[in-house]
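The first chain written gets the first letter, and so on, giving A, B and C; residue counts start at 1 in each chain.
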Amino acid sequence: MEQPKVDAAAGAERAAGVGPAAGVGPADGETGGLFEVAGLRAGYVKEIDVVRECDVRVAAGQLVSIIGPNGAGKSTLVKAVFGLVDVRAGTVLLDGRDVTRVPTHHLVAAGIGYVPQVANVFPSLTTEENLRMGCYLSPRERATRAAWIYDLLPLLAERRSQKAGTMSGGQRQVVALARALMGDPRVLLLDEPSAGLDPNSVRMVFGEIRRIADSGIAVLMVEQNARRALASSDYAYVLDMGQNRFEGPGPDLLHNDDVARLYLGGAK
Amino acid sequence: MDEALQLVADGVVVAAALAVAAVGLSLIMSVLRMINVAHGDLLTVAAFAALVCVNAGLPLVIALIVAAVASALIALGLELSLWRRMRARGGSNFSLLLLSVGLAYVVRHVLFLIFGEETHQYAPPTRELAIGPVYMTREGLTVVAGGAVCMIGLAALLKWTRIGTAMRAMADNMDLARASGVDVARTSAITWVIVGVLTGVGGVLLGIGGRIFPNMGWNIILLVFAAVVLGGIGTAAGAAVGSLVIGVGQELVTHSALGLPPEMKQAFVFLFLVVALVIRPQGLFGARRYV
Amino acid sequence: MTGYIISVLVSAGIFALLAQGLNLHWGYTGLLNFGVVAFFAVGAYTMAVLVSVFDWPLWAAMAAAMLAAAVLGVLVALPAIRLRSDYLAITTLAVGEICRIVLHSSPGVVDLTGGPSGIRGYSHDFFGLRETLGLQWMTGLEFLMAAVWIVVLLVLLVVTVMIRSPWGRVLKGIREDEDAMRALGKNVVAYKMQSFAFGAALAGLAGVFFALNLSSITPEAFLPMISIYAWVIILIGGGGSLLGPVVGSVLFWALFNATTFIPSEWMSSQDAAYLRLILVGLLIMVMVLLRPQGLLGNRKELLRESRH
């Protein structure tokens, strides 16, 4: 337990609505990097790095996507950043503070939310209880935030006391997103939020994610729905074999021939 | 018929103490994914802690509280010194189980060393009271009442409190609980404290309903496990139902109409346990996948 | 001192056989059997009943004992093989207790086993062998010791040959990567069953010698503690190593019986027995914490999580 704790000031600053400190990121500091990952190496089994040399940067109000083939290490990258997978090298900065290897619950307290790709709800808990777990660290705000969520996603209001384990895949996805939003995060990590959703729900979820980003939250999203993700992202990274392959503003990558050929299933 | 009713009544008393014992084992299995074979012997420790108090002239209620506190401290101490360390190095479910087998041996034989082989009682049993067609002792009624209070209290804690929800969340999905801000290490420790209190009360209830001797917990650990498996892991209601089925079922097979020697009753429970585990490892009434 | 050595070697030989059986269950197939005592008891009782009630010759009774244990092994493994490791441990623990209770008080069975009073008079044939072989100069215990160790070495030879055979290589393959072996078209369940039955037969053989070492056997001789001893031996010696069970058993019994040297002024023999069992518990804990692969074990990760 010798890991550094997140400075309590992070929380205070957030409560006061102070934006990310300027100039704390690497020299170019262009986007003011609220959340930055540099040179990350991570993996599950000893001596095998699944993620090798990864750099990602997200600013407040930005929607940043990570795309890449199956097994590229996208989920691992996000989990590692969030303290759920062994980090072997590299740094994770939140507002310029080093939060590498900080225990997950401290990261949550510092304002990072996460929706995993699989097992993203508590199956034996009801919707209501899942949402309650979403703001586990700020129980006082529970009622107001739940009201807001139920308003935003009426689907959930109807299923308030249904166990999440008995819901359809798409409904679970919505519960998962709602759970993460309940924590009122500043940085939101989403692992394939559109997986398993019907076209209308995909549109709804992407719209919602865009809106969340526009409200000032830094959103880092892993997506298989690559074209749509690139189209609505401010910036994107292509990850392959655990390494950055391409990066650039979303629409630029969408129209990049190499990216299209290698990762988007052929030219448009 | 009267014999059957009397056996049911006896079974309910057994079940009440069993349920409190079972729910502790069950919580640890669900929240921490570990089978604690030493659970039975920790029940025994609590029963003896209360015995020491009673022998020192303290009233049984105080003895119960002392036992519960002592048991909670022991549980917490073991979590901090043993289980946590083992989990941190990635010890498997099985290595945790093996470690608890070792602990069970140490604890039980330390008790033998201190208290010898004799059986003890907190107080001489009182006269039986007729309740409708059946007879129950005051001790039996105390055990049933105590068991009910514990089970309802725990169910409420799991359902309504923040820590209870966090425990259920951890049981469901450890990583997601972490991702929601649950301090898993702290919640594990709190779970052990709660289980420790239950173990303390359960041990004393077993002592009130029966006799106190160093093998008392070990003798029932498989019964307790059978109750957990039957009822489904991780819920108070499951442990209660499982214990009722085991407790009452085990008394009923001794009905004179069946002509079985009473020693055989445990064999039936164990057989039932094996069959239940193999057919429905998630518990007969539980829905959660665990295996 | 000689008495100590002989008693250690007799127990060590018997438990080396038992642990070798467990080694086949756990070390080679990863099946966590906490009820080897069931096979041990079935072996002991089958031999004792066949010899003393049905007047079978010893060698035939021995073969039948191994067969009976193997059959029980198949019966247990058939459904249990699918269980998660710790559940399998509890299931087999329960099977061991069922066996003991049935031998103790099941109607029908007790007519043969004598229930709590046990069974006796099955060992004349065995100790009579001394005269046949012209070994009258040996005490009964020395003769038993020699016989057990000859069997231990024979079993070691057989197991070594089997493990090195193509059959054994598949078994090892299953231990390393079950899915890969399945993908190669091997019937993993069949291999596991065979190894389980073979291990159970060895445990049954150990039970035969255990019975011969006692003038009578009662169900109380087959407490779960026996399975635990076998586990400690495996933990000391190391799972999956052929010599592990033998070395582990000798070390275990040397340590276990050493408590008889505690002067009686210090401690009553009863207390010394408790102390011994405390040591057994501590030994398990220390081995799991410090050297889960055992002294001779070759597979560090046997106790590691295969993540679910």
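What we mean here is this: a residue touches a chain if its C-beta (ideal position, glycine included) is under 8 Å from a C-beta of that chain, and two chains touch if they have at least 3 such contacts.
Model, not experiment: these values are computed from the prediction.
In this assembly, the chain whose C-alpha centre lies farthest from chain C is A.
Nearest to the common centre of all protein CA atoms is the CA centroid of chain B. Computed centre separation for the pair chain B/chain C is 31 angstrom, with centres defined by C-alpha atoms.
Chain A and chain C have Cα centroids separated by 54 Å. The mean-CA centres of chain A and chain B are about 42 angstrom from one another, to the nearest whole unit.
Only residues 35, 82, 85-86, 90-95, 97-99, 101-110, 112-113, 222, 225-226, 259-261, 263-264, 266-267, 270-271, 273-274, 277-278, 281, 290-291 of chain B touch chain C when the two sit together in their complex.
Partner chain B is touched in their complex by these residues of chain A: 1, 82-84, 103-105, 108-109, 113-114, 116, 119-125, 129, 132-134, 136-137, 139, 179, 183. The residues of chain C lying in touch with chain B in their complex are 32, 79-80, 82-87, 89-91, 93-95, 97-98, 101-102, 104-107, 228, 231, 235, 271, 274-275, 277-278, 280-285, 288-289, 292, 303-306.
Chain B makes touch with chain A in their complex at residues 162, 165-166, 168-169, 171-173, 175-185, 288.
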